[in-house]
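Just so it is clear, A, B, C and D label the chains in written order, and each chain counts residues from 1 on its own.
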């Protein structure tokens, strides 16, 4: 994929955020990476979705040096870059303030694995980070938010847990490319909504047992997956 | 009805799922049956609704042998087939992960019969299944989900209870054809939403008394029904 | 207004129900009355909104004798007729199963007067009826539902309380004509939603004090009202 | 900006209310001010948004004398005027009955500062006023509602807290012009919704610590802000 194709994918992925009702105004950003060239394409900061053009996108290398684009990149860029540097499998990263996922983040609660909907995408409960300390906030707020996400995920293989909650802030999600990352952001918002409702209906609701979690995750993502069509 | 007409009905019924906001991405499937020929038409697995064509639909016999279609059928096909084999009255089956019905399923709670809206369609509370055991999941997950639904419904005449919740998973519904099954899936989602709200407003809310349940169910479905127009 | 104009108003008012998201499928009905001729125009039973035509509407006199129309009238017709016979001020009546108002009805709870939004239309809390007895249901279900509403309203001047909840069933509302009745049905649904949220945020939320209720109701409906434009 | 341009901005801002789902029927109003001429442009009372024309807008001076327009101004005009007279920084004022913000107002609860979404716009929790006394309501209801807002805000710099809840009534918001005021009304409704959900998920949810509140507020509004593009 050349850089122009990547830019088009990242633009489409950004425009998909309002289409899926994940953002109010400019509260979200999507990036994608060209691993061969080591270049990241990301949304400019504070530009509204209905005016965003291909040439507004910002291109940076993995150290954060701006390579293309006249506008300032998303204020969350440093967080995206840490994730790309840490996880070579990642092709796209998304941050939103989608309503229900943000409410779980504000509640500082992991999203329990209440059902197969979540198990089809997330191999367990979706963790919530700790708060950054005053010192961390002062030192490098956005960069250390990236490291906080890495710390929160521990040793989890990154593509088996395609999202996380940053405490008192909101969700980040990712995937094999920008489009997949947005797909996972939509799923994260919907499972957050369902989990809230589940807890309202039954405050003692229990988590999906491991054997069912495993069954659903594997029938979709395992070696012998039989969900969807065989990709050829 | 010939097979082509059935396919058209099943395609329309599948496309009605996103139209009624019952599905995110590809999280749902509708099938219909031609009882004379013993053929079931079902959605292919993991194909998005906005690209689905008539020729993508899969035709199987009641043993699950694929008769037509190049794509793999819905991963929930075995569940549909058990229902068709068990209940000769069924003409259509739907599975979704619609938000509120799934929340009740995740809460492992039957939907109480709180009002006449539910009584107009469901002759009582909408039951929730037990969980499959590890052995059952390993042996034949989708087929035994079908038998689990049959076990959950006990001796209830199938068309008087046109839906059920599978614990920690989501709702299944059915009807006299694919269109009727989708109609009942919409009703199930709406009564699930109302029942959740009812419990929030009054945690001690009581069920509709039997005489009112009976009155509403019968004025719409009984021998002397007077709701709607006489079908001629 | 001649009968044709009334029919057009009633048709428009019925079509406004789905436009305002007050109904699923055919779960609602609007009627209007020509007081001079003593004729009521009402929606036919079980006909979907997107197919409804002017000639499908049913015309009855106040005793329920069908004067025009080939279709069967709404199954709730007898309830509408009792209201028209009891309250000469009424020009239109609406019944829906709108989500939040129905949840309050299912919870068998009056909607408390939590704020000025409700006070602008309803002169106090919106009452919820008792349940009909088995004998009443058997004798004349729909007619006695009308009398139940009258009983629930007590001596309240009918246009100062343009709606009520029928226990375990749903809301009825009314107004000076069919359009005004639908307007009040929209308000009832919205105040039901706000009241549910208010109770969730603060279970000890208190009612609006009388002097504020009075102020808001009177600035909109009183002799010295100054909300809106003077009608000339 | 001449008066015609201001009118166009105020008309657009009023029409943005239904577009952002902040109002039912006519339940909201936006005004803007021309500080040089000391003239306020405001929505007429009780005119529906889909019929509103430029010439329907009402122009008043800061004492409330009507300078232009044949219609009666919004019944909340006196409240707007008090805010403009008190805070020279204000360019636009909005009042709505948006669902979730109104629910917090009806609950008589300030909206806690649960996350960075709120901190990006509001420099702390969003206060809720006391109730006006019977004497105040009788004396000058709308004017004293303006003074009540001023009392509630205490010494807070007005543009660091661009909204407030009036107890048992609903939200008011403001900004540097009419468009900015509507922008803040949208944010207020969304943070009200998120805060309600947060409290449902975790009744012990804690407020954002001061150092994070400060960080987010300053990165967007401070002297060294780096969110968005430098305005040139």
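Note that contacts are C-beta pairs under 8 Å (C-beta built on N, C-alpha and C of every residue); 3 or more make two chains touch, one makes a residue touch a chain.
Chain labels with UniProt names: A, B, C, D = L-ribulose-5-phosphate 4-epimerase.
Bear in mind the structure is a predicted one, so any value in this text is a computation, not a measurement.
Using the contact threshold fixed earlier, the set of chains in contact with both chain B and chain C is empty. Chain C and chain D carry the same sequence, and matching their CA atoms takes a turn of 90 degrees, rounded to a multiple of 5. Under half of the residue numbers at the interface between copies chain A and chain D are found on both sides, making the touching surfaces mostly different.
In terms of their C-alpha centroids, the spacing between chain A and chain D amounts to 33 Å.
Each chain gets one centre point, the mean of its Cα atoms, and the points for chain B and chain D are 46 Å apart. Counting partner chains per residue, chain A has residues 200 touching two or more of them.
Contact residues of chain C toward chain D in the complex are 114-117, 183, 186-187, 190, 193-195, 197-198, 200-202, 205-206, 208-209, 211-212, 215, 219, 226-230. For chain B in complex with chain A, the touching residues are 24-25, 27, 44-47, 71-72, 75, 97, 99-100, 102-109, 131-132, 134, 137-138, 141, 168-170, 196, 199-200.
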